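Chains: A, B, C, D and E, in written order; residue numbering restarts at 1 for each.
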Amino acid sequence: MESLVYIALFAPLVSSLFAGLFAMSPRQTFVGVVSSLLLFVSFVSSVLLGYHIATTGANVHVTMMDWISVADLHIPFGFMADQVSVTMMVVVTLVSTVVHIYSIGYMDHDKSFNRFFSYLSAFVFSMLVLVMSDNFAGLFIGWEGVGVCSWLLIGFWYHKPDVSREENPSISPSWAANEAFIMNRIADLGMLVGLFIIFWNTGSLQYDVVFSQIPNLAPAVLTAAAAALFIGAMGKSAQFPLHTWLTDAMEGPTPVSALIHAATMVTAGVFLVIRANPIFSVTPEVSYFIAALGTFVAFFAASMALVNRDLKRIIAFSTLSQLGYMFAAAGLGAYWIALFHLAAHAFFKALLFLGAGNVMHAMHGELDIFKMGGLRKKMGWTYAYMGLASLALAGIPPLAGFFSKDAIIETAFNEGTLILWAMLVITAGMTAFYSFRQVFLTFLGDERYKEFGIHPHEMYGFVLIAMSPLAILAVIAGFFRDWFNSFIIHLLPNYEMSEHTHHLALILGAIVLVVAVSGIVLAYIKYAKGLQRSEKTENGFIYKLLANQYYIPKIYEALITKPYAEISKLMWTKVDIRIVDATVDGIAKTIYKSGDGSRKMQTGNLSNYLNWMAGGALVLLFITVASYVIG
Amino acid sequence: MVTPIQVTVQELNLPLLAPMLIAIAGGLGILVIDLFKSNLDKSLYVMLSMIILFADLLAVAGITPNRGFFDLMLVDGVSIVSQFLVIVASMLFIPLALTSKRFHEFSYPEFFALFLFMVAGFQFMVSTDNLILIFVGIETASLALYTLIAMHNRSNSFEAAIKYFTMGALAAGFYAMGSAVIYATTGSIELWQIKEALSISSSTGSMVLAVTGGAVLLLVAFAFKLSLFPFHTWAPDVYEGASAPLAGYMSIVPKVAAFAVALRIFNIYIDLGVESVRTIILVLAVVTMTLANMMALVQEDVKRMLAYSSISHAGFVMAALALGTTKGNAGVFIYYALFMFTNLGAFTMLWISRHKKLMYSDRYDHPYEKFAGLIKIMPMGAVVMALFMLSLAGVPPFSVFWGKLFIMSAAVDAGYIKLAIIMGLNSAIAAYYYLKLVVYMFLKEPVFNTDTIYYNISKPLMVIVGIALVATVTSVFFFDVLLTYIYALVSASGF
Amino acid sequence: MFEQIAFYLFSILTIGLFLVTVFSNNILYAMTSLASGMVLIAGFFFLNGADFLGVVQLIVYVGAVMALYAFGMMFFNVTKTIKENNTSNVTVFVLGVSIALLMVLMFAAPISPEVIFVSAAPEPNATNPEAVGLVLFTKYLVPFEVAAVMLLIAMIGGIILAGKKMDQSLTKTDDENIIQKDIK
Amino acid sequence: MIGLNHYLIVAGLLFAIGLIGVIRRRNLLMLFFATEIMLNAANVAFAAISHYYNDLSGQMFAFFIVAIAASEVAIGLGLLILLYKKQGTLDLDDLATMKG
Amino acid sequence: MSFILSILIFFPLIAGMLGFIVDKGSARVYGISIAAIEFLLSLWLWMNFDANSAAIQFIEFMPIVKDFGINYYVGVDGISLFLVVMTTLMTLIGMVSMTIKNEIKNMVVTILFLEMTMVGVFLALDAIVFYFFWELSLVPMLYIIGAWGGPLRVYASIKFFLYTFSGSLIMLVGMLFVAYKFHEITGVWSFAITDWYALKFDLNYQFWLFLAFFVGFAIKVPMFPFHTWLPYAHGQAPTIGSVILAAVLLKMGTYGFVRFSLPMFPDASVMMILPIAIISIIMIIYTAMVAYAQEDMKQVIAYSSVSHMGIIMLGIFAMNSQGISGSIFQMLSHGIVSGALFMLVGVIYDRTHTKIMSNFGGLATIMPKYALVFGIMLMASVGLPLTIGFVGEFLVLIGFYKVSPVLTILAGTSIIVGAIYMLALYKKSFFGAITNEENKKLKDLDSREIVSFIPLVAIVIWLGVYPKPVLTPIDNSVQAMLSFMKEKAITPEAKNMIVATQTAKEAK
């Protein structure tokens, strides 16, 4: 079994290096094929591991070698496959295999085809390190690794120049990439601090050691550690206020958005909370904050999705919103539900993104849904996939989203946090609305794209086939909920609804369903026939607020980015050059000047010299007399 | 009726006089040779002088420290060390007459005679503790030196000689008056007696003023000799006006001799705990090294820069003298022993590059511009000069570094940490102007792209530079010996 | 009584004469007053029983030194009033008067050393020149000889510096232009 | 009674006068006069001290000072003549090419 | 090979002297061969170094000035070993990558002299010998900057020289005072550092001596506000000068703190933790901001060096094994990474003769290999895990966390601000459209450049993934030093603050 761990982990690395070998040569289809195969190998290994764990209930734990070992700090490269990590592994490898295959088609015209596969596989490797590590430091390796791969992939089309924010809210891929990296770094600092707290209080960074020490730790320490770790999670999972990078990250190629910014990387934060649940479960304040923040983000992101015109950004907001759901669940203690939603979400969101990718591919890179419409005729399969995924997202039974999301909403109710519950319910309705607003605007109604001279066409067949596993899972994943529950509670605490909730379960579900369906209906009424824009609405304050993402990117720019650049400039030109360096040079100049000044005593006139001498003698004599008189 | 005085030759201890007599006899011999046959080449006189100086050196080496000649002569360790330094420096100086170009002074055989008399004068000056002989020795040497400077025979050298002479005369007045005051307070003009007298009477109130007053008057005289602020004003002009070798010589030999005497005189006061004298010396030393450094920064001429640098070094050493510890006193001579080679080497390099006409400046022989791009014109010369400059700046392992190290260590040991720090900072300031030359030589383009810099070179000059260079670079190996030897001699002399 | 009168007379006269030397613009006055001052200084010597020294002073200063100066003076032909841009009187006053004050202050205190080392007490029976001779040619023989060398140096120096050979400077002439006869 | 201090004060005054001359004079020859005065001031002091202490060292010193003064005059005049021949002036104000 | 250390020190000197004879055309190859031999010698030293021993090894001792206690005394321990290896490696690589055409022979000889002084500084165990190499290292560097530098080279080189020289003279006074105290107590003169360790000073002396040494080291490091010579020196120096300056010369300062200040003045060091931490944090944040404001690519990296040196300083004063070992590792990592970055800037400078970022843009399209190597070094610079840059930074921060969580969080912002200026640099130069038509003709890395970068990239990854072979010997020596310091400390605060690991384990 240990070899399976290694195969699952290192197959993507091999894939990445292999593709990397050809990174600078022209497009080679076989690179994509080999990469996809290797990823598939990794997927198979993960599934086998999962099967092994499910059947035997035993974890597979390997320690490869020491990494850092200084004094009493020992960090090995240790990997383990337990219920949680194997779930993540399966999800990650599955989605990434699909995305790899998808990319062969999607990226077929890109001259950096090979490089793309290298990055993509590197990402998968990092993600696997993140989920499989048996200690926090290893997690951090993967954590940073996915950050870098995300940076590389967002900025994949680095050659695009910067444009104004009005033209493109993300300015440019490279800008978006940097934004993502730096924002993540801010959160990573929190994560690091969490690690430090844990190390100095438990003497180790190994999960098992740390978790076994928890009872001995002071509550304040635990709270601090949990808070610090969650700050880390906030960055990676793009929680408010570190959320702006995620929508800008849509500058990356769509497969990247599907894999990284929907299915896997952004869920790392949720994974961290789930993984460190022993810490979070004993720190109720932090957990409650997580839940509240998650709920808020769910609502907040959904609201922005309502008015957005950008196909990918809408999905990105929806991802943000769904991440909020997951955090809400995790914060409320329903870790397994969070994990379940994570997996289900991965499937349908990846599918949604890939579908969007198809549209984009067909529309030659056009993303404005106001310029689409009626694509159903040209792209039937894609319509079906996206519709399915949107249904799942909206939580319509019996699709996967229903089971997972409903459970979260139910949990909120169960915990008695009715405000959270209410917001989550409203959000569910908004989710349904914007999902279908997007689907209808894209695929139904008048064919607006014709104005722009675009001739859309359906995606390659093999790509559509490759997407099918996701579609299937988006449909059926929900049915495995109970099985998953029994599988995962070996590791995670079970979360049972109270008797009371249980009774109300049906009603609650119905409320959610009604809200969701009404959202869909509303979208249908408004958009199925075609685009009707209303100047009045679009100029309204709320519409503008939402369309501009509550002006947060602009606020950040005005309050952080620009001042930082200006202060930096000031520090350099004023402080460093005018003060610090000028002081040093000033001392040197003063010495030099006093040399110039004292040089004047050397007049060349002997008479002056004699006067100096006499004067000197006088002063010395005077000092003598004075010292005699005084003392 | 006068009673006859019985004196045995043994008592006179004549070997103590031998070194000076050799030099004087040699000088007379040269004059005699000139009488019989004129028009002999300077190389003859150079070699004769070398031989005489060598005999002088051997004679000094053969001396066992003692008093002699009615206790007038005092040849102790300090005397022997300073005589060694004087003679060795003179031997390094004399071959510099053998330039490829003719200069006025070397056409006189009298030049060499005067030179030898001057050496004898310095030797007398350091080999006695009688104020009279010190005075006569100083004046013998100085008068010869004034003449030697003027014999370079151009307007700058006259100006230099007159400035030096006039200020020297004033200093002589101070010396005489100071001695008179000391004589008045102690009734003696012999330093050992003065010390005993002062140790008994200095504590009594009414005399203190006269006691320190006499010291201050003497200090003025020696501050002139040692070029301490504000009595240093002659130095830059005299160095500029004198020929380069003589300037280099002046930065070593008269100072060594003056330091030996100053050590004898002021050590009395410092030992007796007359703090005002010590403080005055320290203040003078600090001001001297700092101010001279600052003025050296702004010079346009290398020789003038080296003049200021010599002043600064003298201030540095004077501070060591003021410490009053054996280590400080030994440091004076160790410093000069190490400084000698480097400084003479640097001045010799200037001498090698000396032109008869002023080519690079209206006023200076050796402006910085002259050395611009020297690395391209004479690479070895540039490297050698750079090594001398680095040594002067106190970069290890070159010779002056060890001197600085030792003196700073002495300052620290004596509890004068602040003084040591000032010394350190001054070395840093000084590094600038030494580096300036290095920068000119290595980092700038030549003004005229010719090899005329070599103008005055000759084999003997190269040999002297070679010796100076070897001594500068390998000082790390002989510093140990030097230290042991000088320290032993100085401490045996009771300082 | 005689001593007192002589002392004050000599003092006032020397001071006055030397002041003339220092302040006079006429070089002849200055030199004459200097010479007279020197004579009076010799008077101090005689007062103090230093007969030999007094004679030496007269011979050397009034004879030799003044002759030399006179010679020099004639050489320059500067018998007329000299024009000098003297140092400002303020400087002179401040420096001069302060120095004078300090010197007086220093010497005004009673000088009464507890120990006096007399290293060269005069022979009780000898006259001053005899006593001086005894000391000079025993203990101070070396300085005496060195002084002889010094005078030799002075002589050589004087001759060289004032000599004709200094008229043409080899230092300033290019080697190619030096004719053998110029060298000597 | 004339004490040692009287002589010393006179010597001090003479010394100061010499110094004033040195400070004041710009003519080289006149300057040399002033230095002679200073040396003679010391001589007065030496002779007096010698007398009062009944010690010949002071007279010796004075004797050598006289010799030194004479030698200085010789060299000084040599330089003076040389300067006059070359520059045609004895004024120190004209003798200031080297400065700074 | 019992004289391996002397061979290591003086081989470059002798070879440099002989180098004058070598023909101009062959000088570069000669230099590379000598540097390679020297590197192999240092590897031999590493191989034969007993990694399990914390003691000083390969000691050589020979009196120079017996009466004054100055001896030629060299030795190597875990702390210095890798600095020596890094020195020889960076010299070799710098030499390989060198593109200077004019006066190549002088350059080769100068670098060999410089190598001697650098190796000497790390191996010296006698204060005067240390000082000797320390000062001497200024001279070749002065020449390198001054002779082959940019337009302001003379100003920069003199500033560099005088600034460091002034500081070290004050340090010299400190050394002399320690020697004096040693003499006062034992009656013997000695400048041997190991002898000095045995001295216990009272707090007042410790404080002032610490300051004296601090001035010398801080200017070299360079610590805020003594850092302003560095941008000039780097900005004007030729590539090889910057490489060696950043990689090795700066490390002398931090090495000095570890070698002198900590073991000699443990109490003063503990006393000074807070001020030094504050200065370090200023260095980290302030210079990172200044770096962000730069327009010149090289200046960014120059300022980033200051910022990284802040991390190293912080680690040294963590007073525990994690911090100090991390610092020493960070010295190595910064040496390699910043050296590589300067070389990379040199690559583009050679081609375009400009370092201003606005002249570039879109380089990644034209020069993908270059962009790749730059990217790797950039990631190492911002401390990405599994690169060499992470290990040290992580250890330093975790170490200092023990001292002060708040300050650690402030210092930890280095991972943010560091990313900001590095990514901005990368974006401005490598991303975006190709703004300058002329740049389209630029050639990618040639084989010589690739050869010089491959080892660096390999080390960056190797030591990022498996730092143990380096970290273990360092840690052994550091732990020995810490327990010695704890033993020696006189104040209870210092005893508490210094974490000697043995006791820490017992406490658990």
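Some points to look at:
Following the convention adopted for this analysis, contacts are C-beta pairs under 8 Å (C-beta built on N, C-alpha and C of every residue); 3 or more make two chains touch, one makes a residue touch a chain.
This structure is a prediction, so every number in the text was calculated from the model and none was measured.
Note on connectivity: the fewest chain-to-chain touch steps from subunit C to subunit E number 2. Listed by label, the chains that touch subunit B and also subunit D are A, C. When the partners of subunit B are compared with those of subunit E, the chains appearing in both lists are A. Chain centre most remote from that of subunit D: A (centre = mean of CA atoms). The greatest number of inter-chain C-beta pairs in contact is found between C-D. At the centre of the protein atoms shown, by the Cα-centroid criterion, sits E.
Note on chain placement: the centre of subunit B and the centre of subunit C lie 28 Å apart, centres being C-alpha means.
If you average the Cα atoms of subunit D and of subunit E, the two centres end up 65 Å apart.
Subunit A and subunit D have Cα centroids separated by 95 Å. One simple way to say how far apart two chains are is to compare their mean CA positions; for subunit C and subunit D this gives 5 Å.
Taken residue by residue, subunit C touches two or more other chains at 87, 91, 95, 99, 102-103, 105-107, 109-111, 116, 118-119, 140, 143, 147, 150, 153-154, 157, 160-161, 166, whereas all remaining positions touch fewer. Counting partner chains per residue, subunit E has residues 162 touching two or more of them. For subunit B, residues touching at least two other chains, in rising order: 132, 136, 139, 143, 146-147, 150, 162-163, 166, 170, 174, 181, 184, 187-189, 209, 213, 236-237, 298. Interchain contacts (touch definition given at top) occur between A-B, A-C, A-D, A-E, B-C, B-D, B-E, C-D. Against subunit A, the residues of subunit D that register as touching in their complex are 19, 22-23, 25-26, 31, 92-93, 95-100.
Those residues of subunit D that touch subunit C in the complex are listed here as 1-2, 4-21, 23-27, 29-30, 32-34, 36-37, 40, 43-44, 47-48, 50-51, 53-57, 59-60, 62-64, 66-75, 77-82, 84-85, 90-91, 93. Across the complex, subunit E meets subunit A through its residues 159, 162-163, 224-225, 227-229, 286, 289-290, 292-294, 320-322, 325-326, 362, 364-365, 368-369, 372, 379, 382, 384-386, 390-391, 394-395, 397-398, 401-402, 405, 408-409, 412-413, 415-416, 419-420, 423-424, 427, 430-434, 465-468, 471-472, 475, 479, 501, 504-505, 508.
Residues 162-163, 166-167, 170-171, 174, 208-209, 212-213, 216-217, 219-220, 223-224, 229-231, 233-234, 236-237, 276, 280, 291, 293-298, 429 of subunit B are the ones that touch subunit A when the two sit in their complex.
Residue ranges of subunit B in contact with subunit D, taken from their complex: 131-132, 135-136, 139, 143, 146-147, 150, 155-156, 158-163, 165-166, 169-170, 172-174, 176-177, 179-181, 183-184, 187-189, 236-237, 240-241, 298-299, 304, 363.
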